[in-house]
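In the part that follows, the structures are each spelled out as structure tokens.
In what comes next, chain A is part of two complexes: it sits with chain B in the first one and with chain C in the second one.
This part shows the complex of A and B:
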């Protein structure tokens, strides 16, 4: 905690930059677009961005945050989103009760996580590589299950009020997906910062061999994190497919790069250099509002992509230019 | 060292498996072993193998380059733009592509080596940037001769025969140009990495950069070189890709990155290297190519392809990680 104070005074600006880099960047993006696009800073638009873009991205990015905290990268989060959605929609279409379908969806996520856990904890494969293999296999599984990649639509007769509740429900005027983000980020945030298990996860992430020699059950921790990550990502898949009453193959892969970007930007811009929930959420919000703002001022989707790339690089340059002076 | 079965499995597992596969496919479908088919396999994997070789160079120097797939796709669009829209010559298109590749490599190097941004993040940002930029000149559409431009006029240029030959010509009617290019590039980089002191330094930096620097190696220069090499090789891959498909396709780069990374990772398991190596990467790419080609000949559905890639990747990882002696 006293790292910033212990440094000579000329580096305070750099340390402050790291602490406020992400919020400052978000504030800047919000300010610029409010000035450029009249419709940007309205309740309707902000709510729209939060519900349509930020919520699901945030859930997947939280799953990624757990993986990053334990020192890995989970390339199969998109796969877990897809398999969760597939199992959920398949069960709903077959006439199963929605609660049971949710259970099946989660089970698919747990399965994905278990497979990763087997490779990572049992065989000792690096998480990045293990989850890359899972990504490929998940892709094929979806093709096998859908005759080469056809979407599965819920028959009109099976769209029950319960399904609509998951896809479009809200409580106190706030959509279900945002409640879930709130719940998950509080839970994971507390887990990482306030519990013994969270400290153990971070210890494994910083120095796995040291953690092992200190007597931590490193393999069990990595296995639990894999399973948790898969399960949380599958939740996003269930929400996504309930929202559109359909399962669209490989839709989850769209979340992969964004979630990596958000989790790593959050990590890079934290003073401790560790994965953290507020950083990830700010990263997701930054991407979401940036894309939306560019859309409102009339930029095409490919310029949005260029903008996101420039934004990531600018944020990183800002962060690391500051850090280099400190180090 | 005695040749225990375990050591044998580690060192030659993948090669033995490859020989076994070839034997099985040859028995099941005699056409598999025709020279033409074998070269078709090599042609199919040449571009992925090239990108994989580039990634391998950065991995040897202890880094990672996620942007190779995006760069190849970007270069492929640039080549098509230069030929079709600007009505350029073969030579100018190639120079433009190589120039862009070197520029992107230097960009990656500045971000990673000069500014100290983690390699995964920096190249991920570059990937986003390139994926967007490649769509800008044509408003998100693929480029083919006769393209209607954004200002309503029609593009005058066309793919020159010389350029198309880079992807389609077969030397002596048998050896496809991309395979020749792959052979030359891979052999050159393999010689440098495995047999020269420059290669040693790359590996030393990958092992322990601080130690390499203290031993007097100009580590930053080498790391810059690694990213420039990787990007240049990727842009060669992009040129071949454009020549192969004969248009600038916005979706041509899909999956290239993961396939290339997979090839490089499978390569870890070749000859018990247990570390990135150029030869292994090429063998890894060929291995996947043989498997896919053979399965296709045996009428396996195309959607088994990714399952096969994943299984091979995990199998190779299991061999490297499961059998090799634990290094704490």
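This part shows the complex of A and C:
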């Protein structure tokens, strides 16, 4: 009783703060950089950011969102990106049809997820540690497969129209990668909010023992999430390597921290405190425009990281201030 | 209590505390004479928790005074309260889950170890000595707090508070999770401390305990103290009437369904090394009680029946068919429901909404091709909230915001939504006030009336006698007695639970207190 009573009435503004904090933050970043860098708010630049930075980051961050929703963190999303890209490029280079190569790429992602699932669901390792192990193993596998980290380029003769379509294709003027983001966002968003499975995932993420005591198949749910996360991340790896006609070892790890940042910021700055697709997407966009803006105003690469770090901290301070008041 | 010149150990007067539109305290006063055991009762929302929080310095009142031994204290803070010798034992566990028993007992106390760090060996010995002295129990050596049962954790917490040598000891529902034998140890300890001049403020929902233990009782209702009585002078049922403000209707519903087909039959069931040769049959419409001390194996048995631990011997038949209960999902599929003892950890998901908790076990019925029918879910949740009489602002409020009794209704309601055939209820009224208790009893009786079988695990003899048709007593992993509820009494049950029915009272001390 006293808990409910201790909830003061000034919480309304704090709840609003949480609901609109992320869009407001993005608007602020856009406004500041529009004022500072003349080339920032142009169609060309915004499109560039969306296609080159946001799209792939968003796909990986959506994979991470599933992991976060189930109460874990998937540190091996970058590994799945890399292994997906490696399998895809290897198959293409060996002259396999592109469709089959995509299948192999996805298979690599499924394999990564399956390995995590084995560790998490069967052996009971916490997701953080299990996927950290997978990250290390994936790193070694790439070293072994590439003689210590040499990129694999698709031979000129194997660059087919089909490969170019995946790497550079567009529909109605919108690149394939953004269509994929739209598709995955809708799918995962509906999954989490409208389906039985999504509800079960959230229950496991919020309080796994209570889910178990309600008869939910907790292990199976965690296993499915691991596999889905690996598969989606591998999709990003396929798009990335098709875009550059090459597989670059360890390239996927660049997506790891941004995806964690986006998924957790989206979670922290939501009214319910749950992992959610709109929050993740806003987080990814925030990072993308922040980096781009800093680049345009001439900050060097090292300072860009500082900028992102400060942004994360600001967002979290905002979230905690809001949460404190909401309770 | 006394009219002499000795000032009261504690005098709180005219306290007012408001939260938004709610007046949690509305001129409440509390006077505790030194060296007495003072009871504080009132149902959830009466303001007793807020009163205690004011005393602990966690809530600052808008008006009113606090005086200790006649000296007014202003600007109370948790640190101040501790320095003034007020120690609190809360209903909710506040121990570090990853600390060992010894660390939990002595953490933050200067005398914990040497200057250069904590000596583990001596810590453990002192911990064991302290527990032995206060409760007469031994806990697993070096065990981690999180591996202890609720009851064991509570024992550690109480022991820890006593080690600080306080002047006023405040118990907030200390016995909710304790078995009868531990309750008696606690009472003995409190009486011993009283003899040494310690003042005790004792808050409990268990009115029988208040009558047994307290010298004076303050009754709170609607943020005010409404009665000050000597519990030994009050007639039977008088305290409950004072608390609720009207005569108590029958606490235990007396409608009985005719027993139907067997819903659960156990033959020679064993669980690990601790539980052996359990055989019984539970019929539809029947309420079967199960009781035993900590370590009797009753907990292991119910865990195994819900698929949380493997059944290692014998056969289990559910609804006439042999069942392999290898996990909770399988148990739920067979129509088994469990309301677990640890409500906050297992019974409800605190940060999920009431609606989401109520439908968590029956999502399959509320979805089609995997898609949730959100309108049907909402209707179902609202129906259940009405049926359960959950007091809440709305169906989407997190369960965390509910009182203990209302949380428990949600934990039970989750299974009503599934229309389970067999309810296993593990201490279903722990930490629940008398009004919510009566409602939970009503729901149990209704479920039985609809033809479900109920297996009620409880340490409260009144509850067992009031609700059950038959009661099984477990002792050291086997059934030692079976009683028709109508033909037995609390003393007989307790005797069987303590001694295994073999009569020797001294046998109790040999019962191992390992995790049940």
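Everything that follows uses one rule, which is that the second predicted complex is superposed on the first by the 318 of 327 C-alpha atoms of A that agree within 3 Å, B and C clash if a C-alpha of one lies under 4 Å from a C-alpha of the other, contacts with A are read in each partner's own complex, and residues count from 1 in each chain.
Definition applied: contacts are C-beta pairs under 8 Å (C-beta built on N, C-alpha and C of every residue); 3 or more make two chains touch, one makes a residue touch a chain.
All figures in this text were calculated on a predicted structure; none of them were measured in a lab.
Student: Considering only the touch criterion stated at the top, classify A:194 as touching first (chain B), second (chain C), both, or neither.
Tutor: The second partner, chain C, only.
Student: Please work out whether A:254 is in contact with chain B alone, chain C alone, both, or neither, and reply first, second, both or neither.
Tutor: neither
Student: In the overlaid three-chain picture, which partner chain does A:273 touch, first (chain B) or second (chain C), both, or neither?
Tutor: second
Student: A:51 in the overlay: touching chain B, chain C, both, or neither? Say first, second, both or neither.
Tutor: A:51 sits against neither chain B nor chain C.
Student: If you count the residues of chain A that each partner touches, which comes out higher, chain B or chain C?
Tutor: After superposing on chain A, more of chain A is contacted by B.
Student: Can A:114 be said to touch chain B (first), chain C (second), both, or neither?
Tutor: Neither partner.
Student: Per the contact definition in the header, classify A:217: touching chain B only (first), chain C only (second), both, or neither.
Tutor: After superposition on chain A, A:217 lies in contact with chain C alone.
Student: Quick check for you: in the superposed arrangement, does A:306 touch first (chain B), second (chain C), both or neither?
Tutor: Only chain B; A:306 stays clear of chain C.
Student: By the touch definition at the top of the document, which applies to A:209: first (chain B), second (chain C), both, or neither?
Tutor: Touch status of A:209: both partners.
Student: So in the superposed three-chain picture, is A:24 touching just chain B, just chain C, both, or none of them (first/second/both/neither)?
Tutor: neither
Student: For chain A, give the residues common to its interface with chain B and its interface with chain C.
Tutor: Of chain A, residues 209 contact chain B in one complex and chain C in the other.
Student: Could you list, by residue number, the parts of chain A that touch chain C in their complex?
Tutor: 1-9, 194-197, 199-200, 202-203, 206-207, 209-217, 273, 327
Student: Within their complex, state which residues of chain A touch chain B.
Tutor: So the residues of chain A touching chain B come out as 73, 119, 123-126, 129-130, 132-141, 143-144, 148-149, 209, 257, 260-261, 264-265, 268, 300-310, 312-313, 316-317, 320-321, 323-324.
Student: Along chain C, where are the residues that touch chain A in the complex?
Tutor: 19-22, 24, 44-45, 49-50, 53, 59, 306, 327-329, 331-333, 338, 340, 345-352, 356, 360-361, 363-364, 366-367, 370-372, 374, 393, 400-403, 414
Student: Write out the stretch or stretches of chain B touching chain A in their complex.
Tutor: Its residues touching chain A are 111, 115-118, 120-122, 124-136, 139-140, 258, 261-262, 265, 301-311, 313-314, 317-318, 321-322, 326, 328.
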